Amino acid sequence: MPFIRISMIRGKSESYVQAIADGLHRALVAEYDVPEHDRFQIVHQHAPEELIFDPSYLAGPRTQDFILVAITAGRPRTPEMRRAFFHRAAEELQRHPGLAPKNLMIVINTTQSNEWSFGDGIAQMASADWLAATGMASDE
Amino acid sequence: MPFIRISMIRGKSESYVQAIADGLHRALVAEYDVPEHDRFQIVHQHAPEELIFDPSYLAGPRTQDFILVAITAGRPRTPEMRRAFFHRAAEELQRHPGLAPKNLMIVINTTQSNEWSFGDGIAQMASADWLAATGMASDE
Amino acid sequence: MPFIRISMIRGKSESYVQAIADGLHRALVAEYDVPEHDRFQIVHQHAPEELIFDPSYLAGPRTQDFILVAITAGRPRTPEMRRAFFHRAAEELQRHPGLAPKNLMIVINTTQSNEWSFGDGIAQMASADWLAATGMASDE
C-alpha cells in the first residue's frame, strides 16, 4: 500500500533507474511488511538546477547521484521497522546499481488504509464486503 | 482545499488530460465537500518506464492508461465520504474520457486547515480576521 | 528537515527559479526553525495545461506566475510559526524575484522525525547512537 516518488537528476540509463526502483521495492518487501505485488512507483527526473540539496546536512558528501525518495505509506509501522527498512534500502541500492548510501534520502509519510482506492472505485482495505469476498484480512 | 497530483503516462491528448482533471474535480465537489472554485491540480506526465505499477494488485488488470491520483486534503472527512468520492470519481472518468475504473488509483493524504496559505502570505482558514472580513466560516 | 516541491509553469529563467527556491528557504530558516543547511528542494516545471488553478479562490487574481509549494515538514510547529512563515515567504518572494503574494500558495504536510533518513541508511533524528556521536539534540 505504499506508493513512492523517486526524484533524481536526469541522465541515468533506463536500466539504472530500473535498478533503483527494483531495489527500493525489495527493501519494502523485506523489511516494511509490503506484499510483493503491492508496487506503485513514480520516477521524477530533473534538470540539475531543479533538484536542490545541501551537500552535507546530516549525511554526505552528496553528489549529483543524490536521490530523494518520498514514500506515502498506507498505515503506520514501528520505528524499528523503519530503521530496518532504511538500512536495507541503502544496502540494496549500494549492491545494485552501486548507489552510495550517502546519496539516498528517504522520507515516509503515513496515511490510513481507508484513504486508498486501488481501482474500481472502491476503498479495498476499508470494504468489509470486498475483504470478505476476497478472503483478505483488513490492513487496519 | 485539496490539491491533487495526477500521474499518467505521456501521450494522451490535451483534451483527454483535461477531461481527467475535470472529472476528478466534479467528483470532489459532488461527494467530498469541496467548493466548486476550490480547484488546484497538477498533472505529471511520464515516460512509460517512469510510472511503475503492478498490473493486478487488489484491482486490474491495469493497462498503460493507468492513472495514480494523490490528493492532499485540507481536513479529515468521514470514511463514508471517501467511499462515495472514490465511487463517483471512477464513474465520472468512465463516462468521460472513458477511463476504465480498474485504471484509477486514488490516495488521500490529510492535513490541517491551518497548514494552508492560498496566497497573500496568510493562512486564510486559520485567520479570525480574514474569516470575519470575508464572512466565511472556518473550515476547522 | 523539510523537503519542498515547487510547482510552476515552464518558461522562467534559471535565475528566477533559483530566486524562488532561495527565498522560500530563507523564510523557512527565519520563521520555521529550519537549520540553514537543512535544504532539500525539488522544482517541477509544467506546461500551462498541466498546472490547473482557480484564478480567485480565497486569494488572487492568480496569473500564469502562480506557484504551488508543497512542504513536507519533519515535525509539527505552532500555528503562530506557520503564520509567520507564510507571511515571510510572501515577503521574500515579492522582494526577489518579484512574485506577487497572490501567486504564492503553500501547503504544509507534517510527518515525524523518525520517518526521515538523510542518508547512510539510518534515521538520524531517531538514532540515540547517532545523536550521541554527533552531539546533536533529538528533534522529537
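In order of appearance the chains are A, B and C, and numbering begins at 1 in each one.
Basically, contacts are C-beta pairs under 8 Å (C-beta built on N, C-alpha and C of every residue); 3 or more make two chains touch, one makes a residue touch a chain.
This one's a predicted model, so the numbers in the text were calculated from it and none came from an experiment.
The rotation relating chain B to chain C, fitted on Cα atoms, comes to 120°, given as a multiple of 5.
At the chain A-chain C interface, residue numbers used by both copies make up under half of all numbers present, so the two copies contact each other through mostly different positions. Centre-to-centre, using mean CA coordinates, chain A is 21 Å away from chain C.
Within chain A, the positions touching two or more other chains are listed as 44, 109.
Chain C contributes residues 3, 14, 17-18, 21, 35, 37-45, 72, 109, 111, 114-124, 126-127 to its touches with chain A in the complex.
Across the complex, chain A meets chain C through its residues 7, 44, 46, 49-54, 56-60, 62, 68, 70, 79, 82-83, 86-91, 101-110.
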